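The same chain A turns up in both complexes below, where it pairs with chain B and then with chain C.
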Partner chain A sequence: MINIFSQLMTEANKELFGLTLDPQNASEGPFVLGNGDFFIEIPVAFGCSFSDLTLTGANGTALPDAAELIDRGTEVGVESRLCSAIKVASHYLTAGLIRTPDMIITSNSCCDAMDTLGNLMNGYKPWAHIPRFAMDAPHSFDDASYEYFGKQLRQAVTFMEDVTGRKMDWDRLKEVCIESNKQGQLLLEFQELKKAIPCPANPDLARQGTEIKNWTKDRISPMVTTWLEQLVSAAEQRVKEGKGIDGVDEKIRFLWQDLAGSWASGTVLKRLQTELGAVCIMDYVSFGTWTPIDLSSEEAMFTSFGKRFLLEDPMNRQALHNTELFCNDILQIVKDFKCDAVVMPAHISHRDTNSRLKVVKDMCREKGIPCLVLGIDIWDKRYMTPDVAFDRMKTFFEVSGLLT
Partner chain B sequence: METIKNSEIFKKFSGIAASLKNSEIENWKKQGGKVVGYFCPVIPEEVFIAAGLLPFRMRGTGSTTTDSADVYFKTVNCGFPRHTFNLALIGEYDFLDGFVANTCCDTILRTADNWKHAGLKTPFIYCLDNAHASGELMVGHFHNQLLKMKDAVEKQFNVEITEQKLKDAVKLCNETKLLQQKLYELRKLPNPPITGSETVAVMVAGMSMPKEQYNKDLKILLDELGTIKNEKVYSSRLMIIGCGHDDTLLCDIIEELGGIVVTDQTCFGTRTMIKTISEEGNDTLLSIAGYQVLDVPYCPKTIGTHPQRKQLIMDLAKDYKVDGIVGQCFISCDPWAGELYLLKSELHEAGIPFIWFEREYIPDLVGQLRTRIEAFLETINQI
Partner chain C sequence: MSVFDTYVNKISEYVEGMKAKERRVTVFNVSFSSAQIKDNLPFKVGPDANPGIILRQDTYVELGNPEAGSCAFILSTDNPSLIRNGRITLIGPDIPESSGKSLPFGQVLIFGGAGLDDKEHESLQQSCFVGDSIEGYMIRSLPQNVWSRVSKNVAEKGFDFECLGKALMSVYKSCNSKIESMEIVFVASGKEDVKLLDEISAQVQKISREIVKENWKIKGYDIDCEFDCSSCADKPVCDDIREVLKEKRKKTITNTKY
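Showing the complex of A and B:
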């Protein structure tokens, strides 16, 4: 059970990667390119290929030649401290390696670096003739904001219809949403099961499940639902049997309050788990609230999309909104998942997170929660190597009295 | 008048721009007036003026360190908010009765949260959610956000911001914009009576003192400038683009090297006055929203609006007969870095010499900057 998701994820990513990077790729349907993944259900229902250039760059940082790709991205010369994933995406773009899209849809979410990539895509000269659509992701999380973003997504559908001459099949969109709701529910169920002590399965599967659901070529397909059902079923069985993660003697449960990035899961987090019994119980991709998409009307459906995007997309939730929400999430996760500590990776290019570390540290101190700020580049392990990160975390667990 | 440096008004503006506190603010406060600091020009000062408040544009003038602020903002964050926040932490912004940040970038948007957390004794702290794309839908949303901010200001300061007060405030600020446009017109002359450094001082002062007085003073200054016969020959006419520009560093370097800065596309310069707000209609707040979202989408955080920014820069370059453009971007400012990267090839194609660099908000490598600008000026002069 454990490995199948990782394998599927790798295969699915490879396909998606090929779709974006292979200029000769002629998959069926129009190709929409974005700087973020802001409307998962829509392109699936519309029958078009969608790729998120940020994710393509992030995938690049997981390749064996990641260091060279990042360096090439630096040489593009946009900004010395630009996010490494965006540097790689900029390299792919400016080197002419990205398949020419039929349309470009960009949004300001969810961070300055992704906005910058959106502007680079919009300003890329060979694509000057390509129709484009820009959306405003507000930094508020209330009904008016969800409705506002939902309206923009509705306009995006009209834009896609105008560009392609196709019409949205609204029944198909409902079908996709029903499937998406099922998958959201399954992810929530797995999230619930992760609360058990010991954790019944590698918590990273939640991240991989979320990524498969949202960010791969097979997004929202019934096949993904089946995978998630298998995951939940197996985890349920292990909870009943009181089993923890295979080969892990769980001693510490901690929250990794950021994206896992491209190297941490397979290196430092894996070592912490197997060598020290320190289990990363939650990260910011795995964490989801997955409110079901309201199918009662077209307007309600789009407002739900707006909410999903603004409040429930992991990185948007992290980056767009105020520190109070961020801190409340930390406290809630620590409480619900019985975490012993909080680790703030503080990815160097997440300017938003690096602007709120004192608030988080003070809150943790007040609540008696050990908190460590790492300051890594989640896409480039040269900035702080996995071994150094491991040592720092091990020392942190020791001095916090969590590891004896 | 032989030179603007002899002007008492200019000396006043220059003094105001060179520090945070000034006699105009002191007088305002002595009379019971309240001051609201705001970070970015997309936060409409008209709303504060309509509430009877004095809007003060936040800046890090005089800052020499970020020692205190670095606990809140890591050094991977831009120096502009770090230095500004540091000044607040050491009490330099204690004269503020309100502080308004906005969602213009990932660092500035956190200043309101940190301001609250630091326990700074500013009674009113607010973060405005501005639009990040340009379109009719965005106007409506931004209008709603402005209504929320207006309500919060009214509640905090126990005032009513009526439609008439808003109209009066827009009229007053439009007058400022028109006067500043006249100032910029003078810079189109072959031998402008005012340098780039001097213009920065005049512009910054306009965001740091009561508008009525500023307008009166600026009228006098414009009259004085009309009498100046500048016969100095400049090696080249330059334009500055990029973020910030509340200091005179770049202008000083360029002008010490024999060039002159004749215009800009910065958020302390043309971004604030290139267009006026419509005084027609019965919903002034909606007009303000329309102005910010549709008329002046000149911040690169406004996605999809690069063509408008590029066009503005091209138009300014032509109108002011510039020989070259200097772009500046504070280290860690991703949006402006992307914008300048795009402009590099576009300006090259248009035949406009262009150089851009990253710099710290409070610069520590002035010598390097000077060398690069000197080389750029030499290149231009050889063309």
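Showing the complex of A and C:
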């Protein structure tokens, strides 16, 4: 039976799988290439095309020839345990497959792999003549840091204006921010609905919602708002009716404390849900805080952008800051969303997370929360196959008494 | 003496400042005894008293939506004379008169108790789970703030800030036996007033983080790397890398004035 959630998921997938090597936010204007998604609202308002090369690489790992692309990336000469998504991006870059941008804007966050990619972009000889702007992301989350990064984003706009000879339309930027705020509120609304037991809709829709809002060609457009409104209304209806996900007998709720990557959602997480009733309630991307962009002044707006990027971008929040924030988020998600267990996928290239595994395990033991460390490559299923990951998680749920 | 004593006094000064600005300030004095408080409330309080979700259409009032303004923090002291036990101070409008509104919301919980030393502060922050404990009151998941909803059902039964204060006192009292006294300040008068409170909150958060860091150290973990370049044995290696990068950048970066 095709229900509204299946339709929404299909639409989201169409958007996400539609992303190719072309600019992710295509328009008639100039093309800006970056190594992260620090520019959500700005390129939309500026009317320029934008691509986050990390995302382009990540999308490559979902293609049928992903293994070959990853191996070609390794041949570029990057470190062998570098993130596979970045390996693919490195291959795309050095093979000359990426359209030559009009300007390059990079940041040194949020992980060492993205930083490496930024350096590769900046050092790529055929693009030596391209104007570039590099931003410095502080590893802290306070007002001074948000202002510091916000000012750099403001300078980046001036840089874009100087390179293109065009001016930012500030009214348009405000309009875009208002739409973005609406979408943030709807994402938070859906997030709250996931607290219901049973969970009213596939929680993965939250990840997809975040991704189409921030990463697709239609980012921040009213089309995305409509998609999110439909999602929230349908989920509210299910909560009222006390219904869970179609075809799922919910028995276990767990936190997947990492990105879902390119293969886990459609394989191991899907099987766990349908075969065992083990529902992945939250992952990095679906846990959003989305403080509204403050439109009271230009400075406030850019400080908000800085905060969004440093503290609220899903991966930056978990990778850029200290262990206290990381652990507090785990505890809050477990409590608020009534998770029975924490699964640390321990993506091989997430060194920031992997350095905290023992702390997290100790904390979970102290609080009585079952915790499993997997050790997978979220972009390359050859490292640990979906079947092996499924078996390990099944065994974990059995031995921890969650699955009888 | 607790590290937060200064901030307990600052909250008193803040309330006086609000009075001076002619904000509407209402004070409720209640008896701080969990059994009594619970008995007098027209709704359930305790574990799983609010198991469900409060949907948008079932919401009477929303408190602390970040767009409206939101701030929440706790203070603790081992000096009981600083606490006006059982006092609930409300700055701004009350819930019954705010149907359909989204109010700015500031919440300060002040705990007193001889055993409430600095180490206990972290436990106070983590141990009590208010989310499920008050019927018709849903706290949304937003770290460092309180963003909540009051349902139409409990609003009809007379849910107001005095009730919310009593319920919070009951929940906290029952989950931490070291709490001997408690005072609460709610702010719903305006975004600017909540912002002022946020300035105090920023200082309190800094101290809280230091306490958390110390508690982690006791467990054997350093949650912030304490090395700086001058004390690191690998400094010469990093210096060499920096020089190489500097040279590389000189060669590759052209056409930029930023």
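Criterion: the second predicted complex is superposed on the first by the 378 of 404 C-alpha atoms of A that agree within 3 Å, B and C clash if a C-alpha of one lies under 4 Å from a C-alpha of the other, contacts with A are read in each partner's own complex, and residues count from 1 in each chain.
Everything below uses one rule, namely that contacts are C-beta pairs under 8 Å (C-beta built on N, C-alpha and C of every residue); 3 or more make two chains touch, one makes a residue touch a chain.
As the structure is a computational prediction, the values presented were derived from the model and not from experiment.
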Superposition on chain A - do chain B and chain C clash or fit: clash
Touching partner for A:168 - first (chain B), second (chain C), both, neither: neither
First, second, both or neither for A:319, with chain B first and chain C second: first
Chain touching more of chain A, residue-wise (chain B, chain C): B
Which of chain B and chain C A:375 touches, first, second, both or neither: first
Partner chain in contact with A:118 - chain B first, chain C second, else both or neither: first
Which of chain B and chain C A:178 touches, first, second, both or neither: neither
First, second, both or neither for A:78, with chain B first and chain C second: first
Chain B versus chain C as contact partner of A:355, first or second or both or neither: first
Which superposed partner A:300 touches (first chain B, second chain C, both, neither): neither
Partner chain(s) touched by A:388 [first = chain B, second = chain C, both, neither]: neither
Chain C clash site on chain B (candidates 5-13, 113-121, 131-139 or 185-193): 113-121
Overlapping contact positions on chain A, where the chain C interface meets the chain B interface: 122-123, 125, 132-133, 155, 322-324, 359, 362
Interface residues, chain C side, partner chain A - complex: 51-53, 55-57, 66-67, 126, 129, 131, 138, 140-143, 202, 209, 212-213, 216, 219, 221, 223-224, 248-249, 252-256, 258
Residues of chain A touching chain C in the complex: 122-123, 125, 128-133, 142-143, 155, 159, 181, 185, 188-189, 191-193, 195-197, 236, 239-240, 289, 291-292, 322-324, 328-329, 331-333, 335-337, 359, 362
Chain A partner contacts - residues on chain B that touch it in the complex: 71-74, 76-78, 81, 103, 105-107, 109-111, 113-114, 117, 127, 129, 131-135, 137-138, 140-141, 144-145, 300-306, 329, 331-335, 337-339, 341-342, 345-346, 358
Complex contact set, residues of chain A against chain B: 76-83, 86, 106-108, 111-113, 115-120, 122-123, 125, 132-140, 144-145, 148, 151-152, 155, 319, 322-324, 346, 348-352, 354-359, 362, 375
